[in-house]
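This is the structure I want to talk about, given as structure tokens.
By written order: A, B, C and D. Residues from 1 in each chain.
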Amino acid sequence: MNISLSITKTIYELLLGFLPEGYEAVADIGAMVVIALIYLGIFAVAGLYLVLLERKVAAWFQLRIGPNRVGWWGLLQTMADALKLVSKELTGTAKADKFLYNLAPYFVIVSALMALAVFPFTQEFQAFDINIGILFLMAISSIGVIGILLGGWSSNNKFALIGAMRSGVQTISYELSVGLSLLTMVLITGTLQLSEIVEVQKNGWLIVQGHIPAVIAFMIYMIAGTAETNRAPFDLVEAESELGAGFHTEYSGMKFAYFFLAEFINMFIIAAIATTVFFGAWLSPFGITESLPWLGAIWFVGKTLVLVFLMMWFRWTFPRLRIDQLLTLEWKYLLPLNLLNLVLMALIVWLELTIQF
Amino acid sequence: MSYFGNIAKGIKTLLTGMSVTGKYFLHSRKGAITQQYPDNRETLKMFDRFRGEVVMPHDENNEHTCTGCQKCEIACPNGTIEIIWDRQVDPETGKKKKMIDQHIYHLGMCTMCGLCIEACPTDAILWAQNFENSVYDRSYLTKVLNKPGSKVKAGIED
Amino acid sequence: METTTVNNNFKSEEYFINMGPQHPATHGVLRLLLTIDGEIIKKVEPDLGYIHRSIEKMCERDSYQQIVHLTDRMDYLSSHINNEAVCLTVENALEIEVPERVKVIRTIIGELTRLASHQLWWGVMGMDVGALTTYFYGFRDRELINDIFEETCGARLTMNYNIPGGLMYDIHPNFVKRVKDFIAHFRTKLPEYDRLLTGNVIFQKRMRGVGILSKEDAISFGASGPVGRGSGFSCDVRKHHAYSALDKVTFKEALRTEGDSLARYEVRIQEMWESMSIIEQLIDTIPEGDYKVATKAVIKLPKGEFYQKVETARGELGVYVVSTGTKNPYRLKFRSPGFSNLSLLNHIAVGGKIGDLVASMATLDIVVPDIDR
Amino acid sequence: MDLMKVIKTEFMTNEALQNLISSWIPELEFNEEGSQFLNITVQPEQLHLLMSQLKTNSETNFDYLFCLSGVDWGKELGVVYHLESTTHRHIIVVKVKTEDRENPTLDTVSDLWKTADFHEREVFDFFGIIFNNHPNLKRLFLTEDWDGFPLRKDYVDEINMVIK
């Protein structure tokens, strides 16, 4: 079933029209490049606006107004910030491991952008629909931590090193919970391919289909996902009041911006995975807009933003955990609960107790 | 089952915290406490006791009430005030009298403690409510409080 | 927290890390030399003096009226109480009886100062443990107090409202109403502090059992204020050596026996309630009368030694004056609460994690100019 | 709260304190002139003995050293200890002086009161008084290479000190 390859197909056929016979391979690569550029453009800007959203939301939680000087309602604020960061000098420590130090930000940003490829924004708008979609997402999202580790280690700063080590510990632990909670949902869908997971949800979103265990899985996923993105209350990697800026202490200019942008894109990714797996991706509630397929993108982004808002709400309310409590939470609470939940879900699927519309 | 009890209790406290911030989020439109400073200059009024900087009021005849007694200069802990004075012949009485030449006020050294104004027996110096004291050069912070050509009001003795 | 390593390949190595003088958690230019093993703190050595202005030496050349304004710049968050300490010393030495009105007003503004200081502390406390929003809620309420100060005293922070012999000027006509409005407002907001932060499970986990200071150690280290009272050391100067109008009010000394960071936190929260109750007891009955008694333009203290202690928001501030009968003190020593409280940081932080150090340091409520007088 | 009950009110008057303390060490000077507390002047050699007695004796029990100040008396350098008992709530002042301005040496009390650790370092920093047996006696506020001891009366620094 290859229904959702049509955006790639459209561009491929378009390119094929320009090219003479026998250049299918070129068209194939050309289509990939064009799609990559489109995604890069969209999500670089989307990332910037997520930063703006975060700042605005933070301001509203904190009785402030937020950025409102650059552009109408502050809409160009982050653009201006990005421009500033581009124009800034790139400084670094003298004794840094230069190669790894420069490599680290690209690791983080590239792995963040790669994950975007598999999301089904609408039925057609999916760049890359592989049959191991969820596995791919989990694999990609754990590559980012290598960049953080590299950055923290190579910048030859003790604060950065502590931050990086914390990040390693944290991501390795919470990877488990993210995986297991998604695995719980895979029990219902029976497939790892994202487009088919959406297909299954035409009978009701998975959080409804799976009811109690699905809700538990969702909560665990959100907690672990917040930890994966190193955001408060799990921001030990940066931990402003403890480590200054953590792993990116020694980064400046655009290299810092890559880390910063990657954090927000990762947040979007975590929310997008939750949207796809738990909330029916581009499906509208009760199928009210099924007749207009292009509205799916709006539904998808809308649901994602609600989850992103939830993560922001966490961030601006909760204090930070300590490193040992972070591990306690994972290994003593989330992991056993998750395993229990997996068994529960298996039982429910086996006894066909899922709610189907 | 204290294990699950603890989880439930923990989640409840987290939700309580979120309800507090959530409430402010919903009321953020009118609840914002930000003062958009340069924009609200017209409405921003300091309290009348606000200590902005020391000024010497002059009346319409360009007369002040400073007799040059130097009490403010002595009271000041930081050497903010310097008074340059000499004895001149008072044109009305014909006697020699202490008169100020320049009442110099170094705003850059002032800690706004208010001791000079308390010390002044003739209320010649007062607090102004101006708070926008930033300048591009430190030397602008040294001010001469008495206006050029001003003289002390008749009948003011220390 | 004994980590015995069997395999030498995994033997951990201690290293130094420099926390400060520019660090978000040290609240000013305090430098801590940490010896760390992984995340575990082995030793904390404060390095002070980055903003030492030698106020004690400056006092030896200043007149007693001028000394008052220097105390504003020690613990700037309880500047009014610092002023009061010097003024009380001078008044006691000269045996001046200040009017009742002055005493009551001093006490009210002193308690407002304490409230403002604790509000700022609460905001910063939340920020140190990672809850950034508390900062703004704390500051929102503190602004109201600062407005009261600005209207009456002319300044928001370094007020210099006390002078030996009374107050610089009378209270503003709006003072009583504003204070009442504030108390009414803050009585609704303080429970919110508890709901947002105190009850939070993460916060409780971060604070409970962290940075434990026993009562014996608290006394031995000279801990005072909420730090001492969190360990069960009854050290409230307002109770034991009441000054100004504090002998006329009833209030409970906030005491906890646990001695951990949470106890110190709870002591401050309770103190905010008690301060509000003290203000409410006094605000309606401000006696009529003069706001100062006339003193000589040049104050000369009699020959002798004078000591006055007051309870600032951080603890016991002592003013020790040695006078030789001249217009300047021969020697003036400020026993500042922050200095003694900082000296116990090493004691309570060793064995904890970096996060614990930040949390316990936040509950010590350090103001660096108070330490670097 | 039961904590309040612990505080015994065996308050000792200055006279009683004087009688008790002079029975330990006879050569002490007592003085109440010009101070609201009882002042004891002790010779440097007997300082530590007196202090440990004051702290450990159950009748005096001065367990709270709330102020430790160095004073330059002109001829001699000295330290003034303000002590309070948290159980009996009486206050006493102990003074110790040494005439040796070149190399003033006193005994530390930081083994009795931990707060003395920092306070004695401060006194060392500003007055140059060396405390025997102090665990970590080095400059606290000033840099290691600072010349002189600023709070001494004979300290001159023509550049940084503004004299009125």
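The definition used in the following text is that contacts are C-beta pairs under 8 Å (C-beta built on N, C-alpha and C of every residue); 3 or more make two chains touch, one makes a residue touch a chain.
Bear in mind the structure is a predicted one, so any value in this text is a computation, not a measurement.
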item	value
By mean Cα position, the chain sitting nearest the middle	C
Centroid-based (C-alpha) most distant chain relative to chain D	A
Intercentroid distance (Cα basis), chain C paired with chain A, Å	45
CA centroid of chain B to CA centroid of chain D, Å	42
Distance from the mean Cα position of chain C to that of chain B, given in whole angstrom	26
Separation of mean Cα positions, chain B and chain A [Å, integer]	52
Residue list for chain C, restricted to those that touch at least two other chains	62, 133, 136-137, 140, 196-197, 200, 202
Multi-chain contact residues (two or more partners), chain D	162, 164
Junction residues of chain A - those touching two or more other chains	61-64, 316-318
Chain contact graph, described as a line, ring, star, complete graph or other shape	other
Chain pairs that touch, as defined at the top of this document	A-B, A-C, B-C, C-D
Partner chain A, residues of chain C touching it in the complex	15, 17, 23-25, 39, 126-133, 135-137, 140, 196-197, 200, 202-203, 205-206, 353-356, 358
Chain C-facing residues of chain D, complex	1, 3-4, 7, 33-37, 39, 63-67, 69, 71-72, 80, 82, 86, 89, 93, 113-115, 117-119, 122, 126, 140-143, 150-151, 161-164
Sites on chain B touched by chain A in the complex	7, 14, 17-18, 20-22, 24-25, 28, 31-34, 36
Partner chain B, residues of chain C touching it in the complex	62, 65-66, 68-70, 72-73, 133, 136-137, 140, 143, 147, 150-155, 158, 160, 163, 168-169, 172, 192, 195-197, 199-202, 204, 297
Touching residues on chain C, where the partner in the complex is chain D	48-49, 52, 54, 56-57, 61-62, 92, 217, 219-222, 224, 232-235, 240, 255, 257, 302-307, 309, 316, 318, 320, 322, 331, 333, 335, 339-340, 342-344, 347, 372
